[in-house]
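Labels for the chains are A, B, C, D and E, by order of writing; each one numbers its residues from 1.
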């Protein structure tokens, strides 16, 4: 076999003074980067296998290990960067499509970081959330244009709504892309927090049906695991049209990941590829979307809100207007930084638009058309902290989805190798030896902690703005000012510049 | 109400602790012909080897009698029991009356019918006094002959080797520890003993013991003469029923007891090596002269004497014997028999040997040499009569453990501790 | 049985679903029982003769779990012990081997239903078993250092109520 | 048998009425004058027969889980979409994407079907969806097919080339398509191969053709008078080498 | 140049006061001026104003337009527009007095009008909606013209200055009304624009408001979906529109509207019975964007009566009192006692608890 031109990306450094040869690293590295040499009584490293996931670093009881970027340099070249060269080597050696995991990591501007949040000074008071009421409860679902009240009673019941204690949900991550333990942790946390998690397109494992009240079941083009029982098992149904990480293309769970449990959950044979077509083949046009929305409503007796999730693309505002008019109760827009278990690198890094613009454009458009209040708007794709959530809601979102942040909370170290199925943290893997590394109870606890911490921070920020109910922030763009943005960008975001 | 226990070894201790579990008040009397605080007989080989001091041989702490309100009558032999009057008559004439009586007189050595066996420097190896006597003659480079390659004989060999004595072992059988060992096990042991300079003469029967007053050599039937400074007799033991022989107490090889340790006479119990209790593997009454058995029988007897209704029906033989470099454990059935499948795995490289006796779906016995750390799991499989059919093929693994038990069984066992 | 006499011990249990087979429990157990008490580097770098781990990780990939002395209510090892070294402490409910008295006859190994007593030849030939880290204030090193909370301590009083 | 006159009814009302009748344990419902009402039979899990006179609208029998629907007339697009169980018998033609992602149950069409029929059909354990087409099928028949059986009879086809459109079985990675007329290889996707149906195949085919003949009054023998071919995937992992790892 | 209301959002603090006679008895503007003047400290001289109901009994069926013109061109344009859409029954300058502190007054004109039948037909709107659209058209597209009020039998008198000076300027002692509300303004910065003073009105609605709401843009962007144009960018304006939308257009009863604007807290809702809970949840779900968040106390007035309301966690002061048929509401108790020294009942309403006073014989605040 010809020599590979790919040099190790990382170097494993072991402090021999500290290494006690306990071999925890050897046992923990699914990539086999650590090797114990019995003859020499030494632990050695195969740097080429290291993905820098920090599993060994974290578990080493004497902190003997550190991992560095390989200092090996190519000749400096602003155009032919190291990654550009390495990608060519890789493709020249395999002839394959480059795959990657998690969200777009290219240095496109992050617009969240170019928006600043307001606070009250003198003319109205900031509110102290520790002692005064501060409300984050949010309803997702179709709202009538007006309420009809007769004799102090509702004349017509509201369409079904999702009631969230915090306007944050765990976004669609299928059992298959992530492990059962990860799914369970998300479900347990959602249930404890009074929010929703989303099955993704992987079906719903029978052991997780008990979390139905906090579950959004997804219907994607592959229709895996979709049957009437599934549709009725959750609190809402989400039709997945697209995903921010890979707009316009389908998904593909390779057969080796279709384990017994996955086969059961997706209702497909063991070991066979699970292919999600790029489009829903029953939706080739917007009126077909309406057909699917209502077929789902028919199948569930109009008891479940139906969400439609799309990737943020160029014409997103008009598309969302169409979706709202097609009968969706909730629209989910997933920006180009959205995560994924596996996506072609070129697609992930080059297709789609930032969620900030998409969200602002959609909210503005729906308001111009006077239909914003009828449909709920959820944004997703690279939400990293509570300030991002606050900004998203001020731009016009009802709630946000977090995927990558949730995974990181559970232990993901962003090595972006999810597609290999060898996640050392037990998240993006089906290998039973790795899956058990994620203790669902610990995962759930960490998720609950994260959301509670964010909720607390959000309350602080709301209090600072003199707002004590999240709905008063929704679309309240006066609370945002742009920094370092062009006037065109400010226009699209619908906000003023800092200082205005 | 008064409890009397004849005997001061493990069964007696078990009985005291069993009684005191329920009855903290009524007096207990312990009678023993040995003058010592309760000690562990198997420790005599360690004593002889110099591994334990007499102080460390005590089976329970110095204050054992005190804290348990026991009146020990030590160094005085019980002469007779008057079952009608419920009295024990001591050799000094004292009469100790009892409400409940436990006979726990243990076992005594078998003296082989060999000419010259009465000479000096010929010892049994069962009591502390035996060890103390041997200690005096077993000097470095002295020569000893041990007659009987049995469990106790080999423990004596080990002790003597460790004292620097030149030892020759003689046994009439073709292998050592014939009741437990097969050819393979025996040859492993032989090899090891040879390494330590022990001569083992098998298929050899002793004609007579030569010497004036003291033994000076052993003459074998084949004419060989083995010179020696002293001899240890290890031809086996039998139940020590001397005290009750010829009374109305029912005796077979030992005193016959039911699973509550009751003899045929009301308020009289027997436990330990002297008793012939229920052996649940052989499914009949038989002696099971091992410590854990003695303790449990004693404990059961004690509790029942104090008014409980306890049953002990799990008696079976098991033995652990570290022999110089070998670790040997065995339990239950130790020879092939009808309906028993034998599985044996000998690993020459690792010098380990495993042998399992399986009857139907149950493990009924095993022998392990060297790789013994998980032995107790096998013992428990026997004790609980666990259906091993689903994991039988895993039994002989080097890493055998709970992990190879079915999950449900594993959880059940872990919960039931 | 008179229940008032028995102190229900706390026991360590393993969640085998989340045991990751890293064996950090064993490593910390060794250190906790070495003369350097919890100093891993010194324990492993300076001692050629280290204590045995008293928790044993059994592994049959992907299944693994640690198992250590159950400190049984009715301990077989105590009854089998020929020296009286193995005793159940009536106060703590722990089964403790007095290594001063233990002479390494392995009868306890023969008797232990869990196979969690091991032969330790490190110094003196003695049986090695979990002592619930008695000297570290009953905070077992294995439980404290399990990175995935696969080991936990549970008071077994409930068992007595059955 | 209950009769519903569907003229002028909105689908929501019609379907609610059908569901209510089923809830009341009605075993047979005749729906007359159906004209484009969608979603008939969606998600119905009970054993019940719904007979339709007219032209039912799209997504008929979607997510259906055990009922029987008989259509006297043509059906439109999306019949048996993601159907789980049950039976659909169409005495006429049917439109596009019939049996999309269907997991179980049987669909019999007397006449022709449209494009992308049986697309992404799958099977699981005892669930094995079956589509029997009396006439011809459009392009992309059995695209992405992951399981189940499509039987293509081509009874009314004079020009054998027209029994199915192009890209038949493209992306197929499970299941089987049986055709009574061999399919020109240029029409097949690169993931599938064609072979003569064997004895056990014929056994499967004959049981469904028997049903087909019974439903629509065809002569079973004359349908079975010639050998069938089968189209099946090379493997279950068609895209194993697509990616650079 | 400094931007004025409409170009920029200018937070302001204020004093408010309102007096109503429930029998519809008319009384002069002296009291309201006295009451608001007492709270001089709460204003900064950059805005004051009054709304009065019942002042034009002889023209009570005509829409009374009070209009500011900043130049005569604006007046011409506006009058052209008015003539095109309305029959102007009567018009003329609103009489004023010279007051030294009041400067830069615009041309202040008054019209009594009726919508032209043909235009109503052409636009296909109700009379009220037609008036609303026309007022918004003038305010947003005719530079220099601003319709101050447009209801029937009512009018708003406001300007830049302390409220008592504004009252003097407009000679309010000469008017008689059964409802008077008043506003003294403390804007944070403004060149002082007459149109930017309060009350804000729409049709019969007038609102005086104290506080700066934090939910402003959420409220604004919501009402704008329903065709309102928030040209002033003031809280008062958006609150007025919310009331108009919910009461007049959505036909919701006042208590529901109050529940939307000053919604009960979730923990309170949890304690309600199921039916009430479902209703209130629905209100919060559907009208979440009308929740007025942050400090406010308002007096909404219309021909049927007044509503005084505090925000739900009571960040702004408000006191109410009654005596006989009179109802008083003000930012401070002393402002009430200034005109009614011995009220029968004085109380401070709780956060979110409305004070509603309706004319005898009417059922709700609208119609």
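What we mean here is this: a contact is a pair of C-beta atoms (placed from the backbone, for glycine too) under 8 Å apart; a residue touches a chain by one contact, two chains touch by 3 or more.
None of these values were measured; they are calculated from a predicted model.
Minimum number of contact steps separating chain C from chain E: 2. The chains that touch both chain A and chain C are none; no such chain exists. Taking each chain's centre as the mean of its CA atoms, B is the chain most distant from chain D. The mean-CA centres of chain B and chain C are about 28 angstrom from one another, to the nearest whole unit. One finds 105 Å separating the Cα centroids of chain B and chain E. In this assembly, the C-alpha centroid of chain B lies 79 Å from the C-alpha centroid of chain D. With centres taken as mean Cα positions, chain D sits 64 Å from chain C. By the document's touch criterion, interfaces exist between A-C, A-D, A-E, B-C.
Residues of chain C that touch chain A in their complex: 15, 17-24, 27-28, 40-41, 43-45, 61-62, 145, 147-150. By the touch criterion given at the top, residues 90-91, 93-99, 221-223, 226-229, 231, 252, 254-255, 263, 267-269, 271-275, 277, 281-282, 291-292, 294-295, 298-301, 419-420 of chain A touch chain D in their complex. Chain contact summary for the complex, chain A toward chain E: residues 120, 123-125, 127, 132-133, 135, 137, 139, 141, 143-144, 146-147, 149, 152-154, 157-158, 161, 163, 367, 370-373, 465-469, 471-479. Across the complex, chain D meets chain A through its residues 11-12, 15, 19, 38-39, 42-43, 45, 58-59, 62-63, 65, 77-78, 81-82, 84, 97, 100-101, 103, 116, 119-120, 122-124, 127, 143-144, 146-147, 171, 173-174, 236-245. On the chain B side of its complex with chain C, the touching residues are 14, 21-22, 40, 42-43, 46, 51-52, 56-60, 291-292, 295-296, 299, 318-322, 327, 329, 331, 372-377, 379-380, 383, 399, 401-404, 413-415, 417.
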